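A, B and C are the chain letters, set down in written order, and residue numbers restart from 1 in every chain.
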């Protein structure tokens, strides 16, 4: 149905059939109370819209506050590191004028000495040291020593005094680093997240081979997610096909089994695998007593264990969308193809399979997205080389206390996830997202 | 009131009751929250301090456990909602907590013990040592691998010797002690270890030595795991804190043997969370726990030595011989260098994690 | 699925192979979960078969320990609060979203669903930073808030799905007969969408009940929930008590699943969508 009279009701095309009919009436009629029907309708419409918005508003605000702002704070933390800037205000100003060529002049040293003095008094000097230590190993204790020395200084010349306190202040690299860290906004954490760093002259360079790790972790995250997704598809597709083609009663019972696994908590399933994969655990018992293996094999803390457990957990997520698409495919299509002379495999491959593509896309994308964020399962059943990016996010934030690094890695993971979600939304549409 | 309204008000009442239940968890006056490391160690503190404290002074100790999570502590102090009072910390945390200002600076007068009575390095500005423990390694004599041909490991070098003693190793998932041992096993003299670790070449050498056992390593994070993976056969030898292995022998009848070679002595400390509303109660508890007579009690529950010089006479002789500080165990022992780790723990942990991930 | 009579031997071979393959898959899906159950009755403290004997000692351990019981209690309390909050907010939002002329629905819906998509570690870290600033860290209200954010997407999705099948003319009929909107909602709409709302509520409950990553970050050891206690138990010292706890959780989720399945059928029956 075409939208009538788009002039007075610019959004008429969005409205339901009923409204369109009313709108058509409105072009002719004026109501008894003298208000044109058109106007009244528009008012009523606005009221309805307001009501709808009013119903959604509480949750909307709730999500923004309890979930949205935290995410924004994390994004912000990945580029914002204000400690040094806050604690060394004088040095920041003095260094802004430094040309970066030789060692800075006496006024800069004086500014630093005064800042360190204050920081020492406020017991915050260690925070500056901590930040410098990220990029210059050992700087933490050197800074604490310097701050203690600075606290005792009454007059200049400060340059000699600071260099005497620690020779690091006589090195050019320390000052380029300090200048960088006096800016509250820094790309440092993102650079580190992709294994880059600043050299002594402030140029960006790759970190040495032995210490590069995150590029490899990102690749590993993608690789494990892709492997698990592929496995769930290879395993899930035939099972979905079985469920979709069995008589309803049998299929329902089998479906309950699938859902049973779906509904069991992730932690419980991971616990189960943790127990199963032990060297002295049930799987090894079975393999050993049946003579399949001569001696017990390492299953837990391996890539194999991680992928087995993740595939087990993700299987229903891939399977269910495929199943629901398959249920909508009429068996008559394949029958028609067969009767037209197609062989069984040809008919399946050319007629049935293409129709399942929406389900495959939905299931695989969902599984892939969820796999990217895995944390609990790899941390319990995987070894150190099987950890995904989430593990490092958690490690940096909780035990290392390096929030910037955790946030930067998290931001990259978040962006990757959102891109995929966007594709998912385009391809599948969140409104069609179903549970069960 | 219609049926529906009644149901609605029931729900409301339920929500209100729930809210009350949550806010009403205000702790009783005569209690103090003490946070420690869980497992056998915390059980020993319960036996030695918490239970007697309630009996003697009528103050209940609410026990909590953590895994040395600095971020949690920092967040708690920064948010101003401090619910922990006394906390058991390791040396690195004691230093970091003091530097970053989330531990209270201690007034030794209030503890009632002079600083010099504690072991060297045990009386810090923000933390006072409570026990001396050792990082050692052990094997299960009740389950010796056939490949060992009846031999048993006796040195740190044997821990790294895969030819003579094949099999998996349980190792602490931190650089602490591992780097030291790697150099010792590589033939570096005890006295030179920390000097070497301060140089890039020394670090490379330590990591290179660790590389040789990386493939057989099973990494543990919580103290109890070490005894567990050794007991269930996941590994043939495991690094551990001596008390954990000792307790498995004493309480669970395991046949673990501790190898007392180049054992790394270290301390655990009591510290007070900055901003605790129960500052006085916290001091009172630490004073009680630092009293030599009370401190000596802990050795009966776990094989860790007292940190207070006057406590040693109160430890029974049969317990004394199992402590890390027993003369038999001391010839090759060394003390973990707190300054070295205070300076380098963050950088080295990062490097260690990167090394693990490769 | 029965084979047509004209099936070739190769087809028959594939048919059998497919069946066997699927049989193995069911074992893969179910055995890991089911094997936990007998292990929780093991009389010894390890996980090997054959079990030396059967005992209830791990259940005694569970129900005799303050730790586990208080964990059970706080989990239940948090989950109930989350369920009430999430169901109310989510149902209201779903009602609004299902109005025909809701502005920018796609965008709004994406935002409301996003807690489901964003990796949970990221959510946890963000909440840790922000809740710390506003004093919600290490507190039950903080956990409830966080879990509610994670749970509402499920309520929105299930209730929106139910509303899709709801015949709006029923509400209009009610209104036309003179009932005020609140009465229409309560007497006409609610009974019909109730199964959807209830299954959304169960999803919300389970989300909170199972959640372990966010509590790791924003709860202190005092707010010990059941999954948190299990997780730290596995990392610290895996005792068979954990298998007992896991068994209880498996039974619990089984009951939940059955309830949801029954609700779904009832909903379809009420709305006239008869399952074939």
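By our rule, a contact is a pair of C-beta atoms (placed from the backbone, for glycine too) under 8 Å apart; a residue touches a chain by one contact, two chains touch by 3 or more.
Remember, predicted model here, so these are calculated numbers, not experimental data.
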In how few steps can one go from chain A to chain C if every step must land on a touching chain? 1
Which chain's C-alpha centroid is most distant from that of chain C? B
Of the chain pairs B-C and A-B, which one is connected by the greater count of C-beta contacts? A-B
Between chain A and chain C, what's the gap in Å when you average each chain's C-alpha atoms? 22
Per the C-alpha centroid definition, the whole-Å distance linking chain B and chain C comes out as 38
Centroid from C-alpha atoms only, then distance chain A to chain B, rounded to Å. What do you get? 34
Chain C: positions in contact with at least two other chains: 46, 128, 133, 235, 238
Counting only residues that touch at least 2 other chains, which ones in chain B make the list? 71-72, 232
Could you check chain A for residues that touch two or more other chains and list them? 278, 280, 397-398
Hey, which residues of chain B end up touching chain A in the complex? 68-72, 74, 96, 99-101, 168, 173, 207, 218-219, 232-234, 339, 342-344, 346-347, 349-351, 353-358
Which bits of chain A are touching chain C when the two form their complex? 11, 14-16, 45, 48-49, 51-60, 62-64, 66-74, 77, 235, 238-239, 241-242, 245-246, 248, 254, 256-261, 263-269, 271-276, 278, 280-282, 285-286, 312, 315-316, 344, 369, 372-373, 375-376, 380, 390, 393-394, 397-398, 403, 406-407, 410, 413-414, 417-418, 421, 425, 430-431, 433-436
Interfacial residue positions of chain A with respect to chain B in the complex: 123-124, 126-127, 129-130, 133, 137-138, 140-141, 144, 210-213, 216-217, 278-280, 298, 300-301, 383-385, 387, 392, 395, 397-402
How about chain C: which of its residues touch chain B in the complex? 46, 77, 80-81, 84, 128, 132-133, 135, 137-141, 186, 220-222, 232, 235-238
Would you pull the chain C residues touching chain A in the complex into a rising list? 1, 7-8, 11, 18-19, 21-22, 25-26, 28-30, 32-33, 35-36, 39, 46-49, 89-90, 92-93, 95-97, 99-103, 106, 108-115, 117-131, 133, 145-146, 148-149, 152, 154, 156-158, 160-161, 203, 206, 209-210, 212-213, 216-217, 227, 230-231, 234-235, 238, 242-243, 246, 249-250, 253-254, 256-257, 260-261, 264, 275-276
